[in-house]
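A, B, C and D are the chain letters, set down in written order, and residue numbers restart from 1 in every chain.
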Amino acid sequence: MQTKKIINDGNKAVDEMLEGVLAAHPNHLFAVPGSPRSIVARNGPRPGKVGIVIGGGSGHEPTFLGYVGKGLADGCAVGNVFASPPPDPILECAKAVNGGAGVIFQYGNYAGDVMNFDMAAEMAAMDDIEVRTVLTTDDVATSVKAKRRGVAGNFFVFKASGAAADKMFSLDEVERIARKANDQTFTMGVALSPCSLPQTRKPNFEIGDDEMEIGMGIHGEPGVQRGKLRTADEIVDDMLDRIFAEMVPSRGDRVAVLVNSLGSTPLMELYIMNRRVQQRLADSGVGVHATWVGPYCTSLEMAGASVTLHRLDGELQEMLDRPCDCAMFRAG
Amino acid sequence: MQTKKIINDGNKAVDEMLEGVLAAHPNHLFAVPGSPRSIVARNGPRPGKVGIVIGGGSGHEPTFLGYVGKGLADGCAVGNVFASPPPDPILECAKAVNGGAGVIFQYGNYAGDVMNFDMAAEMAAMDDIEVRTVLTTDDVATSVKAKRRGVAGNFFVFKASGAAADKMFSLDEVERIARKANDQTFTMGVALSPCSLPQTRKPNFEIGDDEMEIGMGIHGEPGVQRGKLRTADEIVDDMLDRIFAEMVPSRGDRVAVLVNSLGSTPLMELYIMNRRVQQRLADSGVGVHATWVGPYCTSLEMAGASVTLHRLDGELQEMLDRPCDCAMFRAG
Amino acid sequence: MTDITAARLVVMFGKIAAAIEAEKDRLCALDGVIGDADHGIAMSLGFSAARDALAALDPAADPTTVFNTAAKSFLNAVGASSGPLYATALMRAGASAKGKAALTDADFVAAFQAMAKGIQDRGKAERGEKTMIDAWLPAADAAGECISAGGGLAASLEAAVSAAKAGAEATKGMVAAKGRAERLGERSLGHMDPGAASAVVVIEAIRDAVAN
Amino acid sequence: MTDITAARLVVMFGKIAAAIEAEKDRLCALDGVIGDADHGIAMSLGFSAARDALAALDPAADPTTVFNTAAKSFLNAVGASSGPLYATALMRAGASAKGKAALTDADFVAAFQAMAKGIQDRGKAERGEKTMIDAWLPAADAAGECISAGGGLAASLEAAVSAAKAGAEATKGMVAAKGRAERLGERSLGHMDPGAASAVVVIEAIRDAVAN
């Protein structure tokens, strides 16, 4: 039996989605002529501005596409579902957003993405575009930071560097801020049910009727542990314990919070989780500057959720508060 | 077997959700003191302004809560999952948003909501608050307009009256615009899978592995027809045929489009649908003023989607374009 | 038979709450077929709220206060369709008992009939529209006829139960013309209306609590 | 044995594409256990793109052009991890064939070895890290040793297939240290690496196409 999807042809799903995206958001986005998988912000790139190129596999919408716009990313290279884009569309993005001040590649730390973006960076260098790479590694499910994946927290990292570039900071400065933002971003997720790829229409992993996967990534890769499904408060407590262990919050710290749905987990459940997140932060003496709740980084129709804390100093707070205007996200 | 949910106690889900909502959006929303199910916009109500009270059952988030804010609704009465709120919290909203210029109750046309809001309106009249009621009836799945349900299209109706009230129009004018907006709003939905209520945690209807329900409402009520699941283009074509039959579009008409997820249908599928919507509109000579794609009116984690067309004249376009700033929605 | 006191009515609401609780899942399932699957939840919320509010009531309260307290707590706990319908029913029962320290058999049947009338006034449903009215109206009529014919309270409520059951059964053959199922048209045929089914449960519990 | 022409290589890519297509579901399922369930899709997209691009190729093309065309189309069709890994493999094969109108048996084995080297250079994986390297390196070594020992092309590729199979089998006992499965740690034990499994399919198809 095939899983149910409202699609035409699994192999065309990404390209047809992009047609639908461009049709919906003509004032925000366009595709590089001749390179339909390279999506660029209408009002983002400009001379002298550092260009921000993000990207990765499809199926995480509104990540990455939705964060392309003035004040955030300038361009986005779109891969197949859960697959890095090849170097070509990445290179075309780099060219399209290049304002002469260099370009930053930002994406989640996955082997496939690293290889493809690195190849694109080499090709961009041949075109005299200076490229820096900042991987997002916010998933605390892995203990070694350098090996961590980028998951929902890339939202904050992209936001910080997008704001820095929008303020016309230098390549060095934008890179520094992106790295700082990544260092201060901590995510933990759980998954309750699989999703299925449009091409296979089979559940991409198996899980018991009363189980959850703790530390699940955003592609259905197994996490750190299988457990029985618990209550919202217990799940959040476990997530925050793991996040706090990495983040080591001090009383007086200030954070931004993201409670994210992996797809089919509804707002009701996310807000119930947020209730507990805010209680725990209050108990720890951590102040909350802003909170986002919703589907910000998904895995198609997977059920599950993640919590991200983004610790702010004055500079990161300024970046977070700076207005941005994207097709699927606005702030400020 | 119980369905999987990240909750604590099904009977507390709505109240805990509201705690999480208020904690996330303290600058946008507060609860009327002593009436936790009456949520009011921080910067909405003001002297001389017509108050807009919306509401209905929970489980449709971001409807209704998410559309409370400056430029849109002033207050929202929150019911249990898929159940109208009782008169009391509705009345408390009416009192809290009353600026002396009258109040409009706006909600979907369901027997339970009508009875509860009508009782509240009678009680408000005793408090010398003039209340008008405008039911949303955008669901074209029913052929008789007066019997139609309000579904995702209430987004446009609330937006229009919220803008009119924000422009300090009179009660008569706001009511007229709300009715016009409702008359020009046409929605058709399909559902692919059930959701489950937090209290029962059982699927709320049964559907075959290869079936879809055409004309499904937003509570799992059966629609007009069971059919085999078809391709995105076929589904959209059927939806638009039904919508066009009611709307009777003329070449040169202008519309706003909403492609809405009922919950777990991901953005990828919605954008694939939008691609076809825009093709069909272009073929019919209908111009598109703006498009929204995402989960705007959901049924918890139900899979499925709806398409809404909102036909604009100059006045409705002005209302749609007027900025608003809500916890879960911004425009302009 | 002795008159029905406020205390007896409080016991009655406890029995209704227990009976509904026991049938909650079945009522949700019936609502799942032609509605939104929550009718058992709404009824259970409503009657347990009534029971809890009554537990806190002054023991010297009169029947009207019992009905009004139940009405108010039911309404505020439920919303939904059942909230105003049953709240109105209970307020009408309270009004019909006004000024009485305890209810005679005839008073009780009058209150029972007032409930049915209240539901109809609030919901504006006619017989045959596949709602709880199709159980409540025949039940009220049967009880009224029986007591007028000198049948006594027990027999009257027994007649009400039979009529309610027959009425609920008959909703299977009706096309819904009110409530959520209305849009289903012909597809509502063959299924019992959940509100009619819960009416049977309520009326049976009333009989069990009062008619002995 | 006659030299291997560009036309023969084009046939070889067709056979690889067909073999991968037949194993696509199994490869996705393997990737579902320790990765993201798309490896069969990526490999099938890549090799069918290569096959299609080669179908349009000038019949006078040389082996290097065949490999480079395949590399480029594979890369652009896939992305993912497999894209750069196989694209680099194929570009290295193209480089090793540079200037040759057709490939001798030794040339072909050298190209085959260059593929394995390319995968390693691109992915920086060592043996034992539970990747396609654990199939490709032993296969390349086995083919190289066999041809040096005078074993001929058929025997060399047969040796490659056996070594690849043993290597893929051995990945079950490895803890992943590269790629998506890396974060699984011990939980990756007991499962075959999908990239190693697909390497066996590719190498078998190469043998079938070339060694007769």
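Throughout what follows, contacts are C-beta pairs under 8 Å (C-beta built on N, C-alpha and C of every residue); 3 or more make two chains touch, one makes a residue touch a chain.
Given the structure is predicted, the values throughout are model-derived calculations rather than measurements.
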Path length in steps (a step moves to a chain that is touched) from subunit A to subunit C: 2
Centroid-based (C-alpha) most distant chain relative to subunit A: C
Top-ranked pair of chains - ranking by C-beta pairs in contact: A-B
Computed distance of Cα centres, subunit D from subunit C, in Å: 74
Centre-of-Cα separation between subunit C and subunit B, whole angstrom: 32
Centre-to-centre distance between subunit D and subunit B (centres being mean Cα positions), rounded to whole Å: 54
Sites on subunit D at which at least two other chains make contact: none
Residues within subunit B bordering two or more other chains: 81
Touch-based graph of the chains, sorted into line, ring, star, complete or other: line
Touching pairs among all chains present in the structure: A-B, A-D, B-C
Of all residues in subunit B, those that touch subunit C in their complex: 57, 79-88, 110-112, 115-116, 119, 141-142, 147-149, 197, 199-200, 202, 204-205, 217, 219-222, 224
Subunit B residues touching subunit A - in the complex, by the definition given at the top: 1-2, 4-9, 13-14, 16-21, 23-25, 58-59, 61-62, 66, 81, 190, 192-193, 198, 209-210, 212, 229, 231-233, 235, 257, 259, 263-275, 278, 291-295, 298, 300-301, 303, 305, 328, 330
Residues of subunit C touching subunit B in the complex: 25, 28, 32-38, 40-42, 45, 75-85, 122-123, 178-185, 187
